[in-house]
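After this come two complexes, each holding subunit A, first together with subunit B and then together with subunit C.
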Partner chain A sequence: MTINSLNFLLFFVVIYFFYNFPLREKTTAQNWLLLISSYIFYGIANWKMIPLLLCSTLIFYILGILISTSSEKKSSLFTTTGVVAGIGLLLYFKYLNFFIESFSTLFNSIGLKANWGTFNIILPLGISFFTFRLISYIIETYRGKIEPTRDFVVFANYIAFFPTIISGPIDRPNNFIPQLEKKRTFNYNLTVDGFRQILWGMFKKMVIADNLAIFINNTWSDIPNQSGSTLIITSILYSIQMYTDFSGYSDMAIGVGKILGFRITKNFNYPFFARNVAEYWRNWHISLTSWLTDYVFMPLNVKFRNLGKQGLILAIVINMVIVGLWHGANWTYGAFGLYHGLLFIPLIISGAFFKKKKLKTTKLGLPTLNDFFKILGTFTLVTIGLIIFRSENIHQLNNYISGLLNLTDFFTTTDYSKIKPIIPFILIMFIIEWRKKDSEFALSSLGREWHFSLRWIMYYMILFSIFWLSGKEQQFIYFQF
Partner chain B sequence: MKNLIKKVFFFSTPPIIALISIGFIVDGTTDAFYIRFTTPKQQSLILGTSRAAQALQPIVFKKVLKKDIYNYSFTGTQSPFGKIYYESIKQKHNKAKNGIFIIAIDPWSISSQCENPNDLSSFRENNLCLDNTYLVDIKPNYQYLYKNLEGKYKDIFIPPTNYMYLHTDGWLEIKDLAMDSLSILRRTDVKINTYRNEMLPKSKFSTTRLLYLKKTVSYLKEFGEVYLVRIPIHDRMMQIENDLMPNFNIKIKEVQAISNGYIDLTTRNGEFKYLDGTHLHQDSGKKVSIILANWIKNQQKKNKY
Partner chain C sequence: MGNNETLSQVQNIFRDELDNENIVLTEETTANDIEEWDSLTHIMLVVAIEKHFKIKFTSKEILSWKNVFGMIENITSKQG
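For the complex of A and B:
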């Protein structure tokens, strides 16, 4: 059941009815309803993984209490246990076979026979997201930044909240748990804002991402027969697909949260208007990057502080490799992280890494020429990175890059008829996002000053474009992570 | 809250009305299947793949046999014999006695292209319209529209092709296709190449499909007469089918035995005109329908005495 499906709409309408009518302002009952709904939602995707989710939630709930009630030494031990257990979960389900295969290949390549079999492990949906929530809870409790909740239903909701369990955003306990504990009163503006955000997310996902997916998948499935120009266009479109797919999902998840009275962590802040890679990563998948900044980069930075700039570079490169590998058990993800880590080096050396200047616009509302070229340059670097990201293996990456640089038949004609109608919508999206880049999401403030009838016409037009242009439903890219 | 409900109501009313009215706009030009899910349950049925869908014309059978026989054939992908087609046929049938059932058979409809040809879970028709549409007799059929027109809703307003029309009796009419010899040859070459190079190497006889063909015949026999037919095809296609299943007529012997008769019209392949080597032109389809209807009439007479 995807968040943009009719099934989800019906599921949500039922929840919303009970949430706001019989259970209105009854926090405990509402939390029970949310928890049951979340487990149903998760169970529909794969019911066999419910025991894993429930057991890990229970264990971390107990650990949280133990950490807060034990002596410093013991609580440190419990924290380590929790972190190791969380990472262990990820390692087992996501990376075990990858390591077995990699070491087997390595040993065989140096002449040692190693025919290790892999395990038949099913990757639980959303594991990368909910384990990060579990770990975050343990660490924040240990650091004393939160009081562990005694209410299991609240904690279980924090881990399994249905709009965010599968693809995030990865909310922090200090943001989300208090919202679950306090009485939630109906907030008209927040609810309407939620509807707007869902609409914008659906537009990005269903009109742009799903339509681009077909063209992009076709190109990637037949790289040797594509011209250089097609591969360049495909890589640009893939960057746009990635953004619209993932930020579209995040918008819908945050929107659903708002309708239920929750403020979920923002996940994107117009990353394609970033002027360098550091800025890009501050605005892309914010909940993941900030998580890793707090729990990986900062401790590493402290550890390497004696090394000066080299220490900072080392911490960032390690951090970025982890960002890459978080996406999955594949060396191309590691290479993607390393590539981005290396892109930070000139920024650190030049000092641009430390500067956080606000984006300025000209009188016409356009970026300055200097900023425009910086934005374009960053987009190009990100696009190259996403070629690494999209490649299934190094061989495919090599094929893609070779094809891209192959100048013979560079302009061989390709059939763009399927994506041509989408191009104006991509431009419209970027124009709106640019104009409204100071808002939480582009549609939140668009047309606020208009007469309501004009605003409604705009919403109807978006709805109509979703109906008219929505491509064949494609799975959200981040579901696989 | 009241304000929100009021606004949601007023905002959503126009799109909901628009969506509901779409159900009344959809017609035989929208796609090749929808209409078959909107007509009432039927006493008599024509079953098979696209060959039967395009060739066997209910209007002809009505004239000769004085019976409405509804064409509930789809395509080789949607409706080869198997659990899904079997269940859908049961849904579409009105359980009335004295029906006539014409089942078009060919080697493809009892073959699979998956590694294990008997593995139901990997059959090609899974998750397609006969699998995902349980309601086969309501108009408008929003279940079908939602599950099968996803990503192509604009086809409702702008039909993707203008040479296809699905009649309310289930016959899929193909019209206005260029019928000069060069166009026919071009289409035939494409079709033959696809079947020879892509489908033939992957296709394997499936005992599960044959079993479901048997089950279908047995089930329908309880409600009337069941006739099997092999529809004519181009000689080049015939060669491919012989390569796939040289002993086809032997394979279906058991099914033939429980039916009311089997007519193999591929012995008369040369007498007809084809659109692309596998589908009959509508004039030839009419001829085949007349031959078949008269043969059934004779069979009925024979069975009477």
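For the complex of A and C:
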């Protein structure tokens, strides 16, 4: 059940009715309702994985209490156990077969016969997201930043909250658990803002991402027969698809959260307006990058603190490779992370990495020429990175890059008729996002100073564009991670 | 050395490292109160503090500070 489907709408209407009428302001009962709904939502995707979700939740709930009530030595031991268990879950379900295959290939290539069989392991949906929440909870408890909750329903909701369990954002316990514990009163402004955010997310996902998906998939399924120009255009469109798909999903999840009275952590902050790769990563999939900053990069940086800039570079490169591999068990993801890690080096050496200058606009509301070229350069680097990301293996990556650089028949005609109608909508989206880049999401403040009738005409136009132009429903890209 | 004296020395380190003479630290100050204090400059500050006071923090101590008070407490306990 995807968040932009009719089934989800019906599911949500039922929850919303009970949540806001019979159970209004009854926090404990509301939390039970949310928990049952979250497990139904997760169970519809794959009911066989419910015991795994429930058991890991229970174990980490107990670990949290043990960490806060034990001596320093024992609490450190419980934390290590939790971190190892969390990473172990991920390694088993996501990476075990990958490691078996990789080592088997390695041994065979050096003449040692290894014919190890792989296991039939089904990847539980959302595992990369909920294990990160579990780990975050025990580390924050160990560091003394939070008091573990004694309310199991609250904790289980934090792990399984249905708008975010499958694809994030990865909320931190410090932000989310207190919201579950306190009484939630109906907030008109927050609810309306939630609807706006869902509308904007649906527009990005259904009008742009889903329509681009078919064209991009066709190109990628037949790389050798594509011209260089088509491969370049496809790579640019893929960057746009990735952004509109994932940020669209995040907007919808955050919007649903707002309607239920929750403020879910922000996941995107206009990353395509970044002027260097460091800025891009501060604004792309923020909940993942900030998680890794706190629990991987910072401890490494602390460890390497006396090595100066070399220590910082080492910490960043390791961190970025982990960012890459988090997406899945494939060397191309590792290569994607390494590529980005290496892009940080010139920024660290030049000092640009440490500067956080606010983006200024000219009197016409445009970026300065200098910033414009930096934005364009960053977008190009990110687009190259996403070719690595999208490739299924190094061979396919090689084909794509060599096809892209092949100047013979560079401009061979390709049928763009399916995506031509979408181009104006992509431009409109970027113009609106540029104009509203100081807002939490573009639609939150657009038209607020207009007459209400004009504002509603705009909302209806967006809604019509969704009904009129929405592409064939595509799975969200980030569901597979 | 009392907490106030330590706080004043730490404040000078913050001003030097973050290149901002207007920084005023209290024990309740957190990274959210100072624009230039982020995860990167944090490490620069730690290295400078360790060097100045000739002490060594553990990783857990560095990652557990909630505000300047935690930092000052650690410094004074290590000097004591």
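Miscellaneous remarks
As a convention for this text, the second predicted complex is superposed on the first by the 481 of 481 C-alpha atoms of A that agree within 3 Å, B and C clash if a C-alpha of one lies under 4 Å from a C-alpha of the other, contacts with A are read in each partner's own complex, and residues count from 1 in each chain.
The rule is simple: a residue touches a chain if its C-beta (ideal position, glycine included) is under 8 Å from a C-beta of that chain, and two chains touch if they have at least 3 such contacts.
The model shown is predicted, which means the values in this text are computed figures rather than measured ones.
In the overlay built on the shared chain, the residue A:Leu6 is in contact with subunit B alone; subunit C does not reach it.
Contacts of A:Lys145 after superposition: subunit C is touched, whereas subunit B is not reached. In the superposition on chain A, contact is made by A:Asn20 with subunit B only, not with subunit C. In the overlay built on the shared chain, the residue A:Lys309 is in contact with neither subunit B nor subunit C. When both complexes are overlaid on chain A, the residue A:Lys74 reaches neither subunit B nor subunit C. By the document's definition of touching, of the two partners only subunit C reaches A:Met298; subunit B does not.
Across the superposed pair, subunit B and subunit C touch subunit A at no common residue. Against subunit C, the residues of subunit A that register as touching in their complex are 143-145, 293-294, 297-299, 301-303, 305-306, 312, 353-354, 356. Subunit B meets subunit A in the complex at residues 1, 3-4, 7, 11, 14-15, 146, 150-151, 153-154.
Contact residues on subunit A toward subunit B in their complex (touch as defined above): 6, 20, 186, 188, 191-192, 210, 456, 459-460, 463, 467-473. The residues of subunit C lying in touch with subunit A in their complex are 38-43, 46-47, 59-60, 62-64, 66.
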